[in-house]
Every structure is written in structure tokens, then in C-alpha cells.
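Dropping a structure here in C-alpha cells format, bear with me for questions.
We just call them A, B and C in the order they show up, numbering each chain from 1.
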Amino acid sequence: MKRREFLATTTALGALTLVTPGRLLAETPVAGGTLVWGHSETTQNLDMHQTGTASTSRVLQNIHNALVTVNSDMEVVPQLAESYEVSDDGLEYTFRLRAGVMFHDGSTLTSEDVKYSFERCADPETGATNFEVFNDVAGIETPDELTVIVRMTRPNAPFLARLAENGAGVVMPAGSGDIQGTTPVGAGPFRFIRREFGNEVVLERFDDYWDGPAHLERIIAREITEPTVRLTGLRTGELHMINDIPAERVAEVEGDASLQVLTWFPLNFDFLNFNHDLELFQDARVRRAFDLMIDKEMLLQGALWGQGETTASASFPNDAARNTDITQRGQDIAAARALLSEAGHPPGSLNVVFKVTTNYPYHVESAQIIAEWAREAGVNMTIEQLTWADWLSQVWVDRDFQMTMMNFFTIWEPDRLYFSLWHSTGGFNYRNINVPEIDALAEEARGTIDADARNALYRRIQDMVSEEALDVILWFRNGSIGARSEVAGLDTLVHPNGSNLNFHKVWLRS
Amino acid sequence: MRGFLSPKAVIGLTLVGGVVLVALLAPLFIAPERATQMVMTARLQPPSLAYPLGTDQLGRDLLARVLLGAQTSLMIAVSAVGISIALGLPLGIVSGYFGGRIDNALMRVIDALLAFPALLLALTISAVLGPNLQNTIIAIGVAFTPFLARIVRGEALRVVQMPYVEAARASGTRDGAMIVRHILPNIMPALIVQTTISLAFAVLAEAALSFLGLGTQPPMASWGLMIQASRQFLDIAPWTALVPGAALAITILGLNLLGDVLRDALDPRSR
Amino acid sequence: MAYLLTRLVSVAITLALISVITFAITNVLPGDVAMMIMGTQSNPEALEGLRRSLGLNDPLVVQYGRWVGGILTGDWGTSLLFREPIGPLIAQKAVASGLIVVLAMSIALALAIPLGVWAARHRDRWQDTSASSAALLGLSMPDFFIGIMLILLFAASLGWLPSSGFVDPAQDFIAAVRHALLPALALGLGLMAHLTRMTRSAMIGILNQDFIRVARAKGLPERTVVWGYGLRNAIGPVMTVAGLQVGYLFGSIIVIESLFSYTGMGWLTYQALLNRDIPLIQASIFVIAAVVMLANLVVDILYRVVDPRIRLG
């Protein structure tokens, strides 16, 4: 209902909406000052290779640089590499490194550091979340101090794009692996000073940063998980900025002349899942029936107070592989009832358990709303709210669930998205989805170097996911930043992946 | 029985009676759907004619939820205390009656268990078992058991030393008969007092567990869950916290008053 | 001396039992920390690699032996989730909790004793009724609900005190106390209610005794009789109860610290439980139980020192 209104105030990443009351543009940045950031989550293991949480990556983004990165159009661009070349057969990648790049420990970046970092990530003993990126790597050579050659056993179309995420492409000083978990060392614009666990992380400007020193002297990321507490801190001036303004309060904060609000999407996408190992959900009619029960726009209003944008595809809005022809199913309870009856589940006969994690309170709200619609459709739905650890163990690893809901941050690279989530052997396929046609499409795409041909394959997968209701893709959630008026350079803050924050160009007006 | 006519007794009985009545009758008069029905156009509404106690973040009627929540609360508390009696009574009697090595060993373990705060124990057990209604009951019940066993053991020890029990033992009465005929009836008063107080604690523990997300599950109408959900809206919709909080306070106050009155009336040592 | 010795032996046995119970409970917890570190970015092979690198595959008996050995030698292990040594971590969080527990205890005692004495002196009159009713009401409010009302009043409406967070007293003592005040009040009010009732009943018992009648008959001022003679004798039982309440306080801090995002022991334990950080769960539960037990021991010994009537056994 409020979709039009909403589109007027929020745009897709690349054109973030910044509500900055009464400020002139084109100011000259001032160096210095300590920025206190109210961070929405607790950082965990600080090892860039091992950590898989969006919250920790958000902070580490400022400590590390990768070989390559992406621009706002999701194109791969050099970062610590000055340039790179890919051989025509896609089997050889040659990276030319920037000269004189300094690490925080005082050492200078060489090809050995790159080799060390990649081999550490690829080593199963490290337990790196992105280790499969290097599965097709035959060997890494360092002909001289500033040249790295990566040889592949077979073409791997997404390789370069995958390196653009810090988790895989990060370059750490050779031999620093053991200390990364507690005292990360990188080549990013800020160096790690200390973390008081559960309380705050302190970063300081790294004066020798290769791309010019940052403006801020210091960043204190205070970890405040209670949303209202964060907001109060921003209001009272204890905090300069906060991420994740409570959804129901965004409108109110936007109305506050002393504060700036930055909103964008996608921060992440959310979807509803069925366990495809169960006979019940092998029947596409049942899956479609559940899809039909849900009024996506209403659910977005109910659970997120409208802070997001419904979507039928999980691809980023600016991704060339996004299928723009598919649409979500509208709510039709009667049709859902009919489909269920047809599938042999007349009203009142079906009991379903919906597992959600309290890690995302809006999932718990969503589940309660969906359970109401399910009741109207004659399904008795019970909710089990699980701690994050329990959700991971029961749903993610043991796959012991009927229905659940999850979100994914930062997965903009289509191979990572479609292969991991919908291929029968995908690392993120906790729903036991097994559609041979999708498997074939995803494998073909991985080996297809031509971008257009590759994107067409991904669009076919999106079509099938939607048509068969393999999962119910719900929405892109908005990211939001609230800041006091003295914080400048907010337009440079959000990384193209929608989740990480870059403080390099942020500064404080005195 | 002067205690039963005091204002304390009257208030206590009225409160507990009222809550029990609500717990029994509310489900008959309010359809269970009322607790989960959502009106998206009436979210976080302050108390009004249409919603006498206001609505929560999903537009649910707080009056219906708080009334239906009485049943959840009492059901869990009574079952949990039932479990702790079922476990703690035999343990305490065996320990207190037989004494000696059994008593020594049992009480060592009980003492060690008592060092764990009951809430921490319940929380850990609930985390182990996985949070749902049944496991919440088990967690609270087990967590209270050491405490109950300790009290029962103390009482049993006191009763065993009484002259008539020693006389009965000297005349060759068997252990089973002794326990049933002499020990049990004599520890009853203390047990009743303790049960009342435990009920108050159990209501509190359920609320705390649910508040931490390790108790009952949404969308069930539970006071602890309601307070948990209200945290995010405290400054813009304080009634979402005050309504379930008041319900909890009334119930626990009633049980505490009743406990006091019963203690004055039944417990020989407090006279 | 002999008493102390037996007491210490019994403490050692209880501590050993506590360690076994702690280890037993925590090892039936489902889930593991490798999953937590990787979150939704994990896949089975990467997970197995991380498990090996964290050393999660050893047999249980070996793990228990290593754990107890570590505790005895001061090596408390490393938090799996946060990759930090547990000893310093707990020490740091214990300071935070110590601050609110001490504050809560002081607030409770400072208010409860005068109130209880006052109620006892005016037994069954309006003073007693109102004090006793207030105490009963305080006892009936869940502490997290008291906490919520304190946030509403002092943080949201009046804006006098911060509603959350912890500040290290070594860095900024005033700020530390300001942050600790609301959680301490939330903990202390319930305790105060309990102690008021205890003080009242102890005082009533004592004021009825002969030596008080004698003192009064001698014409000593009522103030001296009540506060001097009366309270001196009542303070023992009251302190005992206060000591016994340490256990209750340590149960409550889990809820209260989570409510106030106050990063102390309760918060740490709750995080460890939620995150299946088993070494951290073991250490924090063990520490809490040990502290509770030692608090009881100290109270017990003090009681014997203060009250000469109690002798061995």
C-alpha cells in the first residue's frame, strides 16, 4: 500500500537517500576527532578469514583491504592490486600489486603476503568461511615482489568477483594468522587498537594508508544491541552515529532537525523456507499454498514497519543477472485452502512448526503474523523461537525443521548466491533443495565466461525458484544510519555490498 | 485461626482467588484467537474504549492477552512446583529420616546444587533442553528441587527427633509406615507454606525465562513474553510493559500474602 | 580452629561437586561454537576445519581433566567465541558485577535496617502496616519489571541517568557509578524489601526479650535501647540473610544486566549460554556458584565471630 510513498524516500544502493537538514555541500573535510558509533551488534572472532558474521565484517572492513573490490555498479575494480589480467582461457590471473603499501605492523605489502593470505584461506585447517573460492586454484606463483599469478585447473567465472569480498580477497601480512582473531592486522585505513569485549572496539587512523590517511583520528564502536538504547544515545549526544535505527522509529528520526538519516537497500534479503526433504513440502502445491497465504506488503509493514522493499528475486537491484520479469504471488487465502485440500490437507488437518531465531526479532514478529494467516487458511502453525546457536545447529546444520525464515547479507555475487543457496550441493542449501535442472544451470554458469550468457542462466534459476515456490523471497530490508549533524561524508559510508561501513572519508565538523 | 480473618488474609485470598478465577474463566469467555488477532491499523494504541488496556506492536488487544496470560502463568507455576515436590519430597524425607551416610551424601550434592542460583540453573536447563512450554516447566521444577529437598529434610529431621516418633520407632513400627503416619503429616504445614512461596517464585521465574527468550514461545499469551516484546517500545508505548508487569505483581503479591498468612497460621516455629 | 578446618574440607568437597555438576550440565548442551563463529556463511567442510583448529574433538574425560587442571593452575582456557583468555575476561566482568552487587547490597541495607527497626518499634500500628506493605509490594515486583520502570522514570522521562551500558570505574568513576546506579537499584529494591521484613521480625523478637525490658526499666533512653541494645542483637540474623541473598542476586544479575546492557558476569554468562561457548559457560557458572558458596561461608564464620553464643557444631 505505501509502496509509492516509500519509493520516494528510499532508493537502491548507489543512490542512497540522505536527509541532511540545512547543510551546504562541497565542504572541505577537517582532519581529527573521535567518532563514537553505536554499533547494533557484538563483534565476535576478529579473524577476517574465519568470521562469517555481518557485524564483525562491518568493523573489519576498516582494518583490511582486499586485492580487488567492487564499485557501486558491482563491477570489480583494483584495490591493493594496481591492475590485473585474466588469460583468454580463464586459467591464469596475473595481479600487479601497488608499490609501497604499508601494513599496520610496519611491513610493506609484497606478493608473498598475498600468497600467504590466499593459501591460509584455502587451507581447510584454517576454517575459513570462503575457502571454496580457491577450490579450482592449481597454484599461486610470485615471480617478483609485486606480481602474483594464480593458476586455475578449470575456468571459474566468479573467481575475481569472489576475491572482491574481504573474506576471500583480504591480504594479511605473511605469518600474522595466529593473532588475527584477537588483534587483526591489515592494510586498511584504520588500525585495531583494542576491543573491550561486548562493550567497544577502538580503531585509530593509520597514517601510512596507501590511499591517503583517513580524516577521523579515532573510531570507538560501542556495541549496543538494544535498539531504543542506541537511539537514546544518539539523541543525548553520547553517540555520533548509530546503524540500524529501530524500524518503527525511522520516520520519527527523519523528522528531527538535529539528526541526519541515511537509508538504503538492500541491507539484506529475507526469505521463507521449507524443508524439501519432507514429503509435505516436496509437493509444489503445498509450497505455493503457503506462498499464497502471505501478503508480502502487509508482512513488511507488520514486521519491519515498511522499512524495506518487497522483491521476487534475491539478486541485488543493480545486478545485471537480476530477473525483472518475475513477481510475487499476491495473498489469496481461499486459493491457499483449495490448493492444500487438493494436495490432501483439508482445513484443520495440517500442523506445521515454524522455527525462527531471536537473533532477528523481526523474524519472530513475521512468524506471528504468518501464523495468523495460516490459521485463517486452516493450518495450525506453532512457532519455536530459537537462540542463534540453536537455530544454526538445528536448522542450518542438522536441517531439522519444517519451515523457517532467514536473511542473507552481502551476497551480491550471483554464483555465490545461486550456487550456494539453490544448488543441491550448495553450502547454504540447508533446505535440501534438489532440482537437477537448477544444478545444471548453476554449474553451467560457473564455467561460462561470457557475462550475458551467464546472466541469462541465473535469470532462469530465479524463474524456477519463483514458479515452484522453492522458497518464498520476501523483501530487501533497508539499512539505516542515524547521525548527528556534525558527522560529514556519510554518502561515502556504505560499502556497495550494503552491509559494510567504510569510515575512510567520513569526518567530523568541528 | 485468627490469621484467616486479618486484612492481609482477605487481600491475599482475594488476589489469588481473582487470578485463579481469571485463569479458569478467561479461556471460556475469550476465544483463544483474541490473543493473537492482529489489527495492523491499530498498533501500539494507548488504552481507549475499544482497547481498554491498549494494543501491542502487532495491534493485538492487551486486555485479552493479559487475561489469557493468567492461565499460562499459573499452569506453568503449578506444574513446575508439582515437579519440584515430586522430586524434592522423597529426597528430603529419605535424607532426613534415615540420616547417616545417605543424608551426608545427598546433602552434599544438594548443597553444591544450592550454590547455583535457581534462575541460572533454570536458564541453563532450558538452554540444554531447548525452550518450549514443557521444557520451561521442567527447567523451573528441577531448579527448585534442591531448595525444596533442603526444607523437607530439615523438617523431617526435626520430626524424627520428637519423642513420640522415637517411641513409635522403639515399638518397632516399620520405616514406610513411620514415614506415612508420622513424618508426612508433620511436615505438611511447612510444605504447604513452602509451596505457596514457591508458586510465587515459579511465576517470577517463568516470566524471567520468557523475558530472556528461553521460556514460553510466541504468539502465546505469556506475561514474560509480553514484557520482552515491550522493551523496544518502552518510551513510546509504556503501557505495553505496565499491563503485564502489573498482572505479574498482583499475582506474586497475592501468593506472598497468602504465604505469610499460612506461615503465621501453620508453621509452629513462627508463633 | 577445628571448626574452620572441617568447614574448609567441606568447602573443598562442595567445590569439587560444583565443578562436576557444571561440567556435566554444559556438556549436554547442543550446538557448538564453530557454527557460531561461521554463522550462516559456514559449510560442512569449512566447519570441520574450524572444529579441528579449535580442538573440539577430544574425549569428555580428557576435557574434564584438562579443565579442572587448568582451573587449579590458573589457566582458565580461551573463550571459543571471542578468542580471548577466560581468566582476565571474567576478572574484568566480575569488577562490573561487583560494582552493582555492592551498590545494591549497600542501598538495600541502608534502607532496610532503619525501615525494619521503625516498623518493629511501631508494631501493628500504621507505621508498621505501611512499611510492611511496601516491603511486600517490593517483594512481589519482578526485578526486571522494577528495572523497566526505573528506565521509564529516570532515563526516558527525566533523563537523569543513562539507561544502559557499563563504564570502567578505573577510567571514569563518576560515569561508572551513574551507569551502575539503575541496575543496582533494580537489584536492590527487591532485596531491600526482603531485608526489611527480616529486620522487622528479628527486632520484634528481640524487643520482647527480658534484657530489653530490664534496660527500659532502668530508664535508659528508648533510642539507646532500640538502636544500641536491640539492633546490635538483630544485626546478626539480618546479615546472615543478606549473605544468603548473594545467591539470589547472582541469579538476578543475568536478567538485570541483560536488560541494562550492562556487561558484567550476568551478561557474560547469558552470552556464553546463547552462543554455546562451552569453556566460557563452564567458567562463569563455576565462578558464580563458587562465589555464592564462599559468601555463605564468610557469613557463617562472621556470624560465629559476632555472636559468641554459637560454638562448635
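Assume a residue touches a chain if its C-beta (ideal position, glycine included) is under 8 Å from a C-beta of that chain, and two chains touch if they have at least 3 such contacts.
Keep in mind that this is a model prediction, so the values were computed, not measured.
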Between A-B and A-C, which chain pair shares more contacting C-beta pairs?
A-C
Among all other chains, pick the one whose mean CA position is farthest from the mean CA position of chain B.
A
For chain B paired with chain C, centre-to-centre distance based on mean C-alpha positions, whole Å
21
How many Å are there between the centre of chain A and the centre of chain B, using C-alpha atoms for each centre?
44
Measuring centre to centre with CA averages, how many angstrom lie between chain A and chain C?
40
Overlap residues in chain C, where contacts from two or more other chains coincide
30, 156, 274
For chain A, what residues touch not just one other chain but two or more?
226, 232, 387, 390
What positions in chain B touch 2 or more of the other chains?
127, 130, 231, 234-235
Residue set of chain A touching chain C in the complex reads 42, 44-47, 50-53, 123-132, 167, 181-182, 196-199, 222, 224-226, 229, 232, 236, 238, 387-390, 392-394, 396-397, 406, 408, 420, 427-428
Footprint of chain B on chain C - complex, ascending:
10, 13-14, 17-18, 21, 25-26, 28-30, 136-137, 139-142, 144-145, 148-149, 151-152, 156, 247-248, 250-252, 254-255, 258-259, 269-270, 273-274, 281, 285, 288-290, 292-293, 296
Interface residues, chain A side, partner chain B - complex
226-228, 232, 246, 248-249, 298, 301-302, 358, 361, 364-365, 367-369, 371-372, 375, 382-387, 390
Which residues of chain B touch chain C in their complex?
108-109, 111-120, 123-125, 127-128, 130, 200, 204, 207-208, 211-212, 227, 230-231, 234-235, 238, 241-242, 245, 248-250, 252-253, 256-257, 260
What does chain B use to touch chain A in their complex?
33, 36-38, 40, 44, 57-58, 127, 130-132, 213-214, 217-219, 231-236
